[in-house]
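Paired with chain B in one complex and with chain C in the other, chain A is shared by the two complexes that follow.
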Partner chain A sequence: MRLYLYCLAEKLLHLEKSLTGIGGKGVESFDLEGLVVVVSQVEEEIVAATRENILAHDRVVRAAMKDSSPLPFRFGTLVTREGLVSYLAARRNSLVERLAEVRNCVEMSVKIIRTSDPQMESSNQIVPKLDSAGPGTAFLVAKRRALLCEEILSEEAGEIARHLSARVKSVIKREQVTVQPLQKLVIVAAFLIQRDKELEYKREMAAFRQERPELHFLTSGPWPPYTFANIDLEFESHFGVS
Partner chain B sequence: MSSPFDQVLIGSDIELSDDSELSLLETLDHVLNRGLVIAGEITIAVADIDLIFVGLNVLVSSVETANEVLRERERRGIAAVSPVKQPADQ
Partner chain C sequence: MKLPPENPFSAEPDIETSHPEEFVEQLSCVTDTLPSRINVDPQSVEQGLAKLVLTLIEFIRRLLEKQAVRRMEGEDLSPEQLEDLGLALMKLEAKLQELKTQFGLEDEDLNINLGPVGRLI
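Showing the complex of A and B:
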C-alpha cells in the first residue's frame, strides 16, 4: 500500500466525504510529523497521467484550498508511509516556513504573447541586405543580423518583464517570471498574492494590459500555490535569459 | 471556425473560463510542471494520453504550432474546443 500525495497543509481539513481523488479513490487527511497531509491510499506503483487523474489531483488540492493554503505536490507523487515520514522529518522546518509564506495566499498566472516581429525590421535597417555580396559576406551579414535580432528580442522581453513586475509590485508577495525572448510566448509569470488582494491585482493587470496594447495576455487564477510550493527548486525571476 | 488560439492572437486579452480547453492546458501546466517534489518519487504512465501532451507542447512552444495542431484537429473532425470567455471589462 502506498500513499498518493496531493498536498500539505498547516491544519486538519474538513474535506467532503464525497470528494474523490485519482482513480476515484477516497481522500483523507491526517497529521504526520506535525503537518497535515492529504492523500489517497493506492495499490498501484505508478500513476496514469490521464485527463481524469490530473483533474482529480487539482480538484483535491482546490478542495483543500477552501479552508487553508496548501502546498500542492506535483502530480504523480507516490510514497510509502515510511518514506513520507522520513521526508517530513528531514524537511519539516523548510516546509513549515513555506506554508507560513503561502498562508492566505493564492497564485495568479500570466502568459504574455508577442504577435509581431518588429525586431526583424529594426535589424534589417541596422544591417541592410547586400545584394551584390559574395556568399561569405552574405553569410556573415546574415549571422550578424541573427545575433542582432536575438539582442533586440532579449532587450524587449526584459523590458516587458520589468514593466510587468513594476506594475504589480505593490500587490504581490512573490513572483516567478520566466522570460523567453526568442519565443512568441515571451513571458510566463506566476504571482503569489494575498487572497484579499485579488481585486487589486486584477486592477493592476487591467492597467498593464491597457499600457501594452501590442501584447496579448492569457491570465488565469486563483490557483493553489503550485509554483511557490517547492522547497528544493528555488525559483527566481530572471530577466533577459533565453 | 476560430480556435481559442486565434482569439489569443486577435483579442487583446483572454481570461480563462472553467470549461475551456485552454483552462485544461493551464491546469496541466500547473499540476504536471509545478508543485512540491520528493526526489525520485514521481512515477507516471503516459500511455494513451497523446492529446494531453500535444496540448502541453502547444502551450509551451508557440502559437503557430498551436494553430497548426488545432487546424489539423478541426480538419479531422475532432470536437471543437470550447469558446474562451472574454473579460467583462473588454
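Showing the complex of A and C:
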C-alpha cells in the first residue's frame, strides 16, 4: 500500500466525504510530523497520466485550497508511509517556511502571444542581401540576418516582460516570468498574490491589456501555488503515459 | 474584462481569453512538461541516444555560427576566409540535417528542457 500525495497544508482540512481523487479513490487528510498531508491510499506503483487522473489531482488540491493555501505535490508523487514520515521529519522547517510564504496566497497565470512580426523587415534593412557573394558568404549573411532577428525578438520580449512586471509589482508577492523570445507564446508568467489582492490584481491586468492591444492574452486563476511550491524534489513522480 | 465576484476567494479559477484557438494551438505544442526519458526499448534506444547527442551537436553548431557571424561583423576575415568558413558551416548544417532525417527527428526534437532555467536551445 502506498500513499498518493496531493498537497501539504498548515491545518486540518474539512474535505467533503464525497471528494474523490486518483482512480476514484477516497481522499483523507491527517497530521504527520506537525504538518497536514492530503493523500489517497493506492495499490498501484505507477499512476497513469490520463486526463481523469490529472483533473482528479487538481480537484483535490483545489478542494484543499478552499480553506487553506496548500503546497501542491507534483502529479504522480507516490510514496510509502515510512518514506513520507522520513521526508517530513527531515524537511519540516523548510516546508513550514514555504507554507508560511504561500499562506493566504493564490497563483495567477498569464500567457501572452505576440501577434506582430516586424523584425524581419528591419533586419533586411540592416543586413542587405549580397547578390555577388559566394554561397559560403551568402550563408553567413543569412545567418547574421537570422541572429539579428533573434536579438530584436529578445529585446521586444524583454520589454513586454518588464512592462508586465512593473504593472503588477504593487499587488504581487512573488513572480516567475518565463520569456520565450523566439516563440509565438512569448511570455508565460505566474504571480503569487494575497487572496485579498485578487480584484486589485485583475484591475492591473485589465489596464495592461488595454495598454498592449497588439498582444493576445490568456489569464487564469486563482490556482493553488503550483509554481511556487517546489516540494517534489525529493520524490520521483511515478506516472506513466498511456 | 470580467471581474468576478461576490465570492472573491473562490477556489474555482477564471480562465479568460479572446483568442482560445490560438492558445490551444500554442499550448498543445508544449509536450515537454512531462519529463522526457530515454526509452530502453531496444528498438527506440538508438533514437533516444541520437536525440541527446544531436541536441548537443546542434547546440555547439549554433555557437560556432554565432562566433563566425561575430568575426564577419568584426571584419577580421578576408573574403576568401569568409567564404571558406561559410561553406564549412553550411556543410555542417546539411550533415546534421541528414542525421536528423536518418533518425526520424524534427528540428523541434533537438532540445533539452532544463527546468527553471528554460530550454537549452
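To be clear about the criterion, the second predicted complex is superposed on the first by the 227 of 242 C-alpha atoms of A that agree within 3 Å, B and C clash if a C-alpha of one lies under 4 Å from a C-alpha of the other, contacts with A are read in each partner's own complex, and residues count from 1 in each chain.
Note that in this section contacts are C-beta pairs under 8 Å (C-beta built on N, C-alpha and C of every residue); 3 or more make two chains touch, one makes a residue touch a chain.
What you are looking at is a predicted structure, and each value in this text was computed from that prediction instead of being measured.
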Which of chain B and chain C A:Arg92 touches, first, second, both or neither: neither
Touched partner set for A:Leu140, first chain B, second chain C, both or neither: second
Partner chain in contact with A:Lys169 - chain B first, chain C second, else both or neither: neither
Contacts of A:Pro72 with chain B and chain C, given as first, second, both or neither: first
Contacts of A:Thr178 with chain B and chain C, given as first, second, both or neither: second
Partner chain in contact with A:Ala63 - chain B first, chain C second, else both or neither: second
Chain B versus chain C as contact partner of A:Glu198, first or second or both or neither: second
Partner chain(s) touched by A:Val47 [first = chain B, second = chain C, both, neither]: first
First (chain B), second (chain C), both or neither touched by A:His14: neither
Chain B and chain C footprints on chain A, overlapping residues: 49, 113, 183-185, 206, 209, 216-220, 223
Complex contact set, residues of chain B against chain A: 8-9, 11-16, 22-24, 26-28, 30-39, 41-49, 52, 59-64, 89
Partner chain C, residues of chain A touching it in the complex: 49, 62-63, 65-66, 111, 113, 133-141, 143-144, 147, 176, 178, 180, 183-185, 195-196, 198-199, 202-203, 205-206, 209, 216-223, 237, 241
Contact footprint of chain B on chain A as seen in their complex: 5, 7-8, 45-51, 54-55, 57-58, 71-79, 83, 87, 109, 113, 115, 183-185, 190, 206, 209, 213, 216-220, 223, 226-227, 229-233
Sites on chain C touched by chain A in the complex: 1, 3, 5, 8-19, 22-23, 26-27, 34-35, 65-66, 68-69, 72-73, 79, 82-90, 116, 118
